[in-house]
Structures are given as structure tokens and as C-alpha cells.
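Here's the structure, in C-alpha cells; my notes come after.
Chain naming follows the written order as A, B and C, and within any one chain the residues start at number 1.
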């Protein structure tokens, strides 16, 4: 710690010699979730420290508590974070409640153009109201929910033969949601290398956002819509459409027939555990984890491969990922903006991808070598082409908690029918939008 | 009170000395000593309580600075009391309250009865038994979650060892029919010692001569147990139930760590639900009304209970 | 109990009672013992099936608890030999230690807030208890009941305004804010317990001192305080244990600066998934002080947990 600080001071001194016009060195704090990409960002930021003379501190909160802690921090007007890499759904609240600094003037002054970033990420991570050129964040980390599987098992001739015999089809990366389930059911309870294995690990977590992120990976491909017409808050017939009901029933069947025992409250960590301990043939998780999974000594390398969330009626993936924002309560906004300016540079973005972060910068994504740079790079591009996100309303937390409850009640606690769950969800959401004065 | 003595001492001494004895007047000292405590409690307990009441009649949201706050009368109360989901939370709370108290009284009293036999080493073992209740409920919940893991958890393994059931065939925290019992088990593990200690104090307060008199009357041991032991311990037992009842009505940390209210909403006790409304959905006004309803419920039930307790004591 | 009492338990009864109690005590200790054992397992052993009772002990959990680590390339690992035994443990996963974890800070926060609020509650509590015990205070019984009743309030009932109040006063996520809050919660216990202890000190001592020319203050701190020392000490430990264990307010009102250990421990996460040995290590370190205090306190336990309602 001490040596680090000394090094920073030395760096600051050298920097101030070469760049005398710069403002005083600040101690900046960047807040994000505690996961692999965050470690990569620490690595990446060393360059910023050396160049600018500012010191970077990091506050990384584990995912299950991330939203709670950070929204609490924002709502109490806390000065902990100068920079926040906040979830895409927070942008509405961040903008309307004045937690985030609006970045338009800064972008214009510094010549940062949102056209340089993938449109889906700009739409999802930066704009509020949605789709308007009002920017409250710079796309920092593209992400979507994808899948990975045991390539060694899929390539095993005996397993392939058994699958052929059981289903009459070839064992391959699934091309539809139903094929995905079929493969998972095939692996469920099978003996492999003397161990009982299971189909797939999926998200079922109740407390934060887990099961919603999992179930939407089925809902979106089936054609689920939040509203009949965007912006109308007219949900009857959209949220509870026959397709939505079918997709929800599908997810429940998946949970009941193709997941390992005890995965009643599982999210990112549990999904990784299940896969790394060799319990499951497949698992869903965010692309953010894929570099780490690929590098894993036990189940990475040749033993793993990746695929994008399979389509059903249409291609669709659940959006993850975050933009980086400057917190309005920070006293060091200038230094924080300096960081964003630095981060937006194409060569920094290229290094970001290299270290394991998912850049959303066109110069990185459109580079001819990108698709082959990692085994999951192509899948990532494909996923980002068809991402959909949850409500990003200021009342998003309320909307999310209602969905968590209704879906968990139905899928895990086995109460009522899919139709009832979605009908009740519309009631909850209607009430929220009425309180909001939007209905 | 000592004032009599004090005054006599003061009157008996010359004025100058009297002032020296008193320094400040007793009355002033009393107020100086008591005031900080009262002030702190007013600032951090009473003032917030009044504020909660005031908020409960509004549609205020603490995460929307600058949004218009409207007075909406009893609308929040109406919504809560007619919400069927909240009644389910109340049922879950009642289940938890009833069974934890039932088991804790049963096991706690039995243990106290046995320890009261004063076998060799009983003080040591009493201390050992008491340990769980001194621990942090959140941390206890956290490590019991580990013990409850299907397959790898010790709890399932021990159950399977005794019953022959496959340890991965049931999930204490994940199954709708088991989860409510999983929290009862942990709470009982943690708080039975509390009931035991109070019962032990009750048993030790019974003077020997009462039993001796009963012996002389040739009352059987069983009869002595029901006519002497039980009635004499009852006030203590009721006190223990009061403490546990209030505590478990407020239960939050242990259960949040164990099940987080799941699966679905089967273990979503009222205080967990309230926390979600207040600090995750940020429906501040609504949650305030909810808090007041809970507060009135605890206070009402507790006062009725204390009246009953006093009646028992008088007997 | 007199030796020749008619209903003194027979040896046989004692033997049966002793056996049953000891069996219960041992069973109830299993979860605690298990968690402490888990702290010395490797992550693989911790989640092995069937659960391992015999295993090769390692300090991995403790190393992971106190450090942050990153994965490194083989070249880097070859070029930089391990610096110490902890680094050596981490190397088997191709990782290196890059700094301390947050656990130390959180633990320190628990200590600061715990001791700060304990000192304040006992200080204020002693003053108030003395006043209630020795002086005629108007409506004393009502005030005492008022003090007690604040403890019955569900924390969540006042949490919302406290959150708002702290936000406006800038007390959110500060040590001072948490110390004041825990003091407010603890003070009812402190007043009630200490009043009991001070009531037991004969007034004659002070009166004699007053006649000897002491002022009230002098009599209070030269005569009463030393007599009440044991009571004050055990009250302090009860206050400390409460502040040490508190979770609900800590989770609502603190984020980074003043966060204590209880909200932090359950969130210790390894590289992908919960790191059970590290959590177990954190639990062990966190619980040990309380266990030691419990043993020290055993004589006053009952009094403490019942607000002095039951003395014995």
C-alpha cells in the first residue's frame, strides 16, 4: 500500500514536470462490481496514473450487493465514488435524480463522438431518455448473457453416439432454445468419468436480479415485449402474450428437469462454481467471465467452448454491461472527466480488450482481427447485435423486484401458473407506473 | 430515597460546608446526569418515530429528490392492509414466531431442568451451551447457509447418515416445504440457551422448603413437578417468551443471510419485506406506513402479554 | 442447596442429567467446530462430497481473507519467485498477492465503532443510572420505562428517518454516525443494568464521604465508581457484543468508510464463486473475541441478556 502510494507520488512529480499546466493531483475513486474485468481495469488504469499524476483507488462490491450498496450510496448523496461504472438499468434514475453528470458538453469540447461506439451500447449504457442524444455515461463494458459448454464432452464419440440414440439428432452447439433444453436434459443425471453430472446451470437468484436476467434469456427469443408500443406503458397483451407464457413455462421446465440439485438461488458465482467443479455440461453467464473461464486450468482451454444465447422465434440476448459515469456529488469531477477522456482513446480501448475488458469502441470491434482474437469474440459480436434490456426507468428497482418475486414464485416455489405470474406482474408494474404518473 | 438522609446531613452542617457538600444542588446534578441520555434517545429514537408517522401519510420517495411530495391520507395504510402478499408475509412471520418459541421453550426448559440437577461440571457445560446466542446473527446465518448446502453441506450429510436419504435429494433452503423449517432450526439452535438461562434462574429461585413441605405431605414427584415447579417457573418462562417474541418479530439479519426471503416468498418475514420496500424499491412513504403498522402490532401484542404476565406474577 | 435436602438429586439422576446435557452441548457445537475446521481447508476440500473430516490443513483461507490476488502469466511467475510463504500458497493457482484485502479495514471499523459506542453508552449510562438510583427524579419510573421501551422498537421502524437524517447531516457512512446510533440503541441496556448494580452499593459509603467533605462529584467518582467497577465492566462487554454483532443498520447506513465486518463477511468472494474457506476464516476471527468475552462474562450473563430483570 505504502510503496504504491510512494510510486504514485513519484509518478505525480514526474508528470507535473512534463505537464505543468495540469491541475493538482487528485485521489480518484472508481466504483464497480468485484469481478474479473475489474482486476483488468486496475491493470489498465496504471497507465492513466502514470500519465495524469492522479491516483486511482477502487471500490469493488460483490455483485449480489452491488446494486444495493451503490444505489444506497447515490441516494444518500455519498462522495465515495468519483467515477461509477453503474448497471445499464440505473441510467434513468441516475439522470433524472441528478446522480450522474451530463456529459454532452464535455464530449463536444473534447471531441469524443458517440458515433465511435457500437450503437447498441450507446443506446443502452449512455442515453436518457432512451435513444435521445443526452449522454450520462460512456460505454465502458459491453456485455450480454451467453453460454459455455464442455467441448470435451460434446466431442466424446461415446457421448455423441448416446445422444444420437436418445434423440436421433447430432450433438452440437444448440441452434434453438428447445435444442438447448434437449441437450441439457440429455446430460442431466448422466455418469461421466464416474461422476453424476447435470444439464446446465441457469440463473435462479431471488435477491437481486438473477432470475430476471435468466428468464429474459428465454423470454426475448420467444418474442416477449415490455410494451405494445414503445413508450406507451401499454403492457396488457405484450408482457403476458402467449409467446411470453410459453417461454416462462419453458424456463420452469428447464429449471425442473435440467439443472443440478440445490441451484434454487444461483447467479453468476454459482454458475461458475457448477461449471468449474465439473458438475454441469453447460452454463449460462455473462460474457465478462469468458476470458477467465477460458484461462481456467481445470475446465478451460480445449475443454470449453462458447455459444451465443440460442434463438427461438427470433435471435435475442439479455443485455448486461455498464457505462462509466461521473458522480454528481464528487468534488473532483474535473479529474474524473480526465479519466473518461483518457479511457475513450482507441489505443486504450484496444488494450482494454486485450486485458479482458469488453470494449464497445468501433475501432476495436470492427478491427479485422477481432473475431479471431478470442474464441468467444465472434459470439460476442453476434450477441451484441440482438441485445435487449430490462426497463431502464427511474423506478427500475421497483419494477425489477416485482419481476424477481413473480418469476421466482412461479419457477422455483412452484406457485400458480405462468399466465397468472405474468398477469400479476402487469398489475405490479401498472401500479408502479401509476405512482410514477406515467399511466 | 436518600434525600431524607442527605437533607439531614445538610441541615446539620453549617451553610458554607453544606454548599461544599452539595457542590451543585442534587437536583442540578441529577439533570446533568440524565439529560444526555434522554437527549440522545429523543434524537435517535423518538424524533425519527414521529418523522416516520408523518412520512407514512405521504407518497414521498427518498431516492427522488425534487419530486413533489403529496399528502395522501390513509392511502398507504389501506394499500398495505388489503395487499394479499403482505398477509402471506405475516403468515410466514407467525409460523416462524410460533415454532421457534415452541421449540425453544421445550428444549430450553428441559435443559434448565437437567442442569439444575447440579451434576459435576455443569457450570462449564452451561457456558458451552450459551455460546451460540452471543454470536452475530448475520454471520451465523451465513455459515449455516454453508452447512445447508445440498451434497457438500454437513447438515444434509448428517441427515442422510441417520435416515439413509440421498444428501442431494433435498434442499433445506431451496424447497418450499423445507425452507420455513430451516430458519426455525437455526433460530432454535441459536436462542434455546437464552430460554434455558432464564428457566434456570426460575428453577433456582424456588426455595427448598417448599419441596420439603410437599414431601411431608407425601405429594408424588410428578405432582410436585406440576404443582410447584411449573407454576413457580412460569413467570420466568413467560418473560423469556416475551423477549424472544419481540426479537423474532423484528427478525431480519439471520433470515436475510440464510434464505433472503426465498424460495419465492416463503420465508419473506415482514421485516425483510419492509426492508425491500424501504431501501430497494424506495417507496419511503409506503414503507413508513408499513413500519408503523408493524410497530403498533408488536407494541399492542407485547402490552397485552405483559398484562397477562403481571397477573401470573401476582398469583 | 443444602446437602441433606430431601429432594437433592441422586447420583443416578445427576449422571443421566449430565450425560444428556453434555450430548446436547456437543451437538450444538458441531456447526461452530465445522466452520472453524473449514477455515483450514483448501477450497477443493471445503466443497468436496462427502464432506471431509480428515484433510490436509492449509492456511489458504486465511491468506485469501487478508489479501487480494490476481492471476499472472507464466513468464511473470517464472521471473518473480515467491516472496514469502503466503505468496507461495497463492502461486499454486498461478496468482500473485497484490495487496491487502478490505477485511482488515472492516475489522478495524468494527473495533472502532464497537469500542467507541461502548465507551459512550457506558459513560452516559453510568451517569444516568447513578442519578436514577440516588436522586429523586420526577416521573423517574416513566422515564425508566421510556428508556427501556426504545429497545423494543423494531430498528426498521426508525431506519427510514435515520437514513434521511444522516443523509442531511452528512453522518451516513461515518464512524461518528454509527457510534451515536449504536450508543442510542445500547443506552437502554446500560442504564437498566447499571442502575441495578449501583442500587446494590450501600448508600452509607457515599454519605460518609460527603460528611468527610467530599463534593457530590468527588463522592461519585471516588467512592461509587470503584464499587461499581465489576458492573461497569460487564455492562461494557454486553454493549460491545451488541455493537460488534449488529447488521441491519450497518448494511443500510454504511458503504465503504465505516462498514463493519458483519455485512462484509458474507460477501467475500473468490475468483468465481464464494470462497468458503476464506469466509470461514473471517467468521472464526470475528467470532473468537465474542466467545472469549462470553466465558469471562458467564457470571453476569443472565442479568445482561434480560436487562437486569432477572438477577440471580
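The definition used in the following text is that a contact is a pair of C-beta atoms (placed from the backbone, for glycine too) under 8 Å apart; a residue touches a chain by one contact, two chains touch by 3 or more.
Remember, it's a predicted structure, so these values are computed and weren't measured experimentally.
> So which chain is farthest from chain B, going by the mean of the CA atoms in each chain?
So the farthest one, by centre of C-alpha atoms, is A.
> Which chains, taken as a pair, are joined by the highest number of C-beta contacts?
B-C
> Between chain B and chain C, what is the separation of their C-alpha centroids in Å?
Whole-Å distance between the two chain centres: 17.
> Just how far, in Å, is the C-alpha centre of chain B from the one of chain A?
That pair's centroid distance is 41 Å.
> Suppose each chain is reduced to the average of its Cα coordinates; what separation in Å results between chain A and chain C?
38
> Give me the residues of chain A that touch two or more other chains.
Answer for chain A, listing residues that touch two or more other chains: 72, 75.
> Send over the residues of chain C in touch with two or more other chains.
Where chain C meets two or more other chains at a single residue, that happens at 47, 163, 167, 252.
> When you check chain B against every other chain, which residues touch at least two of them?
62, 149, 151, 279, in rising order.
> Provide the residue numbers of chain C that touch chain B in the complex, in ascending order.
Against chain B, chain C makes touches at 1-2, 5-7, 9, 13-15, 17-18, 20-22, 24-25, 28-32, 34-35, 38, 46-51, 124-125, 127-128, 130-132, 134-137, 143, 146-147, 150, 152-165, 167, 180-181, 183-184, 187-188, 191, 203, 207, 210-211, 213-217, 241, 244-248, 252, 262-263, 265-266, 276, 279-280, 283, 286-287, 290-291, 293-295, 298, 301-302, 305-306, 309-312.
> Could you list, by residue number, the parts of chain C that touch chain A in their complex?
Residues 47, 70-71, 93-94, 99-100, 163, 166-167, 172-173, 252, 255-257, 267, 269, 271-274.
> Quick check: in the complex, which residue numbers of chain A touch chain C?
For chain A paired with chain C, touching residues are 1, 4, 34, 36, 39, 42-43, 59, 61-62, 64-65, 69-70, 72-73, 75-78, 80, 269-270, 272-273, 276-277, 289, 292-293, 295, 297.
> Show me the residue ranges of chain A that touch chain B in the complex, using the header's touch definition.
For chain A paired with chain B, touching residues are 68, 71-72, 74-75, 93, 96-98, 206-207, 261-265, 394, 397-398, 401, 405, 408-410, 412-415, 435.
> Applying the document's contact rule, which stretches of chain B touch chain A when the two form their complex?
Answer in residue numbers: 59, 62-66, 85, 149-151, 168-169, 171, 173-176, 259-266, 276, 279-283.
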